[in-house]
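The same chain A turns up in both complexes below, where it pairs with chain B and then with chain C.
== the complex of A and B ==
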């Protein structure tokens, strides 16, 4: 029996004017549990105003290289009812802390159709990678002021300690090493 | 503030801080031992938050009597601590730890909601600040009680065992200190009697919705914060060992 919990991709929005960005993944038993752990792992200190999670298994992920090598995007063969997909895109290697950014949503009968539409529609920047996520698989943190306050506001008071804070330890360790070195000789 | 009120407030702040400190230490015992990395991090966060709350309460006490929070935390003996017995019980299994944290968070969130309207401004400010974090803790621990209670036969059995063991101890959270009445009369702290009814309503409902049964016999209910279980001594022996060995601990 596989006892591993499913993996969820986590999308974090830093400020209301920025898009949700893929910041990493968590393992969790269910969508709300995934949100709770995502908040603990990815937003205890970094700034955030909203988080989304989606099961990794629900995400269609395609890179520029795969498209160039002719990865086929099968259109839906059935007359499926269109549903909503969220589209995420990676446009730069500059920020290594995040992967894809949210660019918009669209209606399509299948993830592959949604990706084809996205490639036509979101042309303002070259895409290095695409993620297509069914809107129905996404669970979002509450937007109520009380939730935003209790989930994300305390982070403002929790800063990282700069490395220089530990200068004392470094100096002491150096001294210790030198003493040891003397002993060895 | 007259001397009687001041002494009562010092005692209350000490009890609040001691609860947070000892609970934080018990939670911290899970660091590196959590059932999954994500939850290990989450409980470490909770432990750090509770420790931060303890620092705030000791800090308020310090403004009244000039006491040193570090000395209070690390150089007092068990008999001088005024935490409730619930928080000093050994960490047990995951169900035991999360149920305790849930029962405590539910109490603390209610207490803080009322205390943020305290007539003593410094206390009102600290309560409002801490309340934000407690709301999130409560959502997290509430979710675990539900998932373990309704999970498998074994997870339900463990959660039920934790509830049977803790329900009586948890009632101590609502036993006022001797002399606390004067603080309530001044509007400095909320009346625990009223909070207890709301707490019972919320927790009973959530525990029952989670497939758990309230113990018919509540068992041992501690009433005095002067008394402790044997577990506090061994907890302090570990928590205070570095400070007692080298109080400055500047070189390590």
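== the complex of A and C ==
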């Protein structure tokens, strides 16, 4: 039986000029628990200035392959009031530690409508995968300088977590390319 | 979110498999939601969950030395390292979850003893020099494997590996620095470092897995881009980097047959004691029982925290509804 806490997807912003990026997920009982856990799991090192979490169950996730196979994006049949959706997209197969990037928000009556709109609107790069997230389901870390400082600055000062802290230790040793034990110096 | 998992009995299996393999050959990543063979999914769940368990169990041999670290600096480094291993376990469980397996199922498999984890963590950490040696040799071997897995065709596993490799290089460096320092230190420190190298060298070679001839899964894993190198290739890379460096540090290696081969540019090793490896994998290593007991105890002792958080969340929800 699956009794575990719900899964939350985590979006991390490295610097103010970069988009929020999907970094992975955590399990948590509520959004604040999710944010705290996300900080412990994904911000042990710089850089980070902001984090968002959203319940995985609220996310519409569609890949290029699914769209090519004609996955149907049902438009809303009800006369729903439009609400805000955040759109995330992946555009490259390059080696990366993040998945989809935030590209913008739009108003639509349903996630499917939002995705259709996003496909029309965000055309600057070919999309390999889309995530559509209702803005109302997203919980964000506080933007106040105090919170940013207390949440994300400590990782910067812990320079011993960087390999550069240890300098160049033990150069490669060509002279040992002999039988072990010959070398008595 | 889990994708479509194809079986060989499906009418379109051959056609889909050809498309799938062509995607991998083009260097594309397979993402959750995409079609994949059920066998690809099965192999990935097996590998990723074992990998996650290894990170989690891997906290135990090192965690045991946090209270006994010789200086505040070494203690902070060790705490950060063990914390990283916990995080790596989380990244990997997440990657496995995208294939439709739950974290709860995976934890249950670990705690019941059904799931495997890396053989290396069933050896004891007897002295402080073991902490440096684990960083240099065990993390050194792990990085060779993980750098290869960062190229994996499955997107979520690849991304977890890229993140882990970036963090793991610190683990490797701090260990290497520590052992080299002790090798240059007092006779007692040098003896402690040598003893640790002697005990960890062979288990480090073994943890990269059986020889290719005894590794029946490898050809399929390579064809589907899950692995891009064989166990023996990765092991050779590990030895080629570490053997000369350990000798350069003034230490020796416990392998009388070890030699540099001019013709191939490889360091050749003597026979590996696979009986020992299979005994450890089979549950009969020096620390298997203790490791599993420690995990079970930690899980049981954390029950009240999980209950308290659940009660808090339930109450908040009720209050929210009431308001």
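Everything that follows uses one rule, which is that the second predicted complex is superposed on the first by the 154 of 185 C-alpha atoms of A that agree within 3 Å, B and C clash if a C-alpha of one lies under 4 Å from a C-alpha of the other, contacts with A are read in each partner's own complex, and residues count from 1 in each chain.
Convention: a residue touches a chain if its C-beta (ideal position, glycine included) is under 8 Å from a C-beta of that chain, and two chains touch if they have at least 3 such contacts.
All of these numbers come straight from a predicted model, not from anything done at the bench.
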Chain B versus chain C as contact partner of A:150, first or second or both or neither: first
Contacts of A:7 with chain B and chain C, given as first, second, both or neither: second
Chain B versus chain C as contact partner of A:98, first or second or both or neither: second
Which superposed partner A:66 touches (first chain B, second chain C, both, neither): second
Contacts of A:78 with chain B and chain C, given as first, second, both or neither: neither
Superposition-derived comparison: chain B or chain C, residues of chain A touched: C
Which of chain B and chain C A:24 touches, first, second, both or neither: second
Set of chain A residues, in rising order, touched by both chain B and chain C: 5, 26-27, 29-30, 33, 40-41, 44, 169, 172
Touching residues (chain side chain C, partner chain A) in the complex: 1, 27-29, 31-35, 73, 76-77, 80, 83-84, 87, 90-91, 94-95, 97, 102-104, 150-151, 155-156, 158-160, 162-163, 166-167, 169-170, 172-174, 176-177, 180, 241, 243-245, 247-249, 252-253, 255, 258-260, 262, 309-310, 312-313, 316-317
Complex interface listing, chain A residues touching chain B: 5, 26-30, 32-33, 36-37, 39-41, 44, 146, 149-151, 153-154, 168-169, 172
In the complex with chain A, residue positions of chain B that touch it: 36-39, 41-42, 45, 49, 131-136, 139-140, 143, 147, 250-252
Residues of chain A defined as touching chain C within the complex: 2-5, 7, 23-27, 29-30, 33, 40-42, 44-45, 56, 61-63, 65-66, 90, 93, 95-99, 128-129, 158, 160-163, 165-166, 169-181, 183
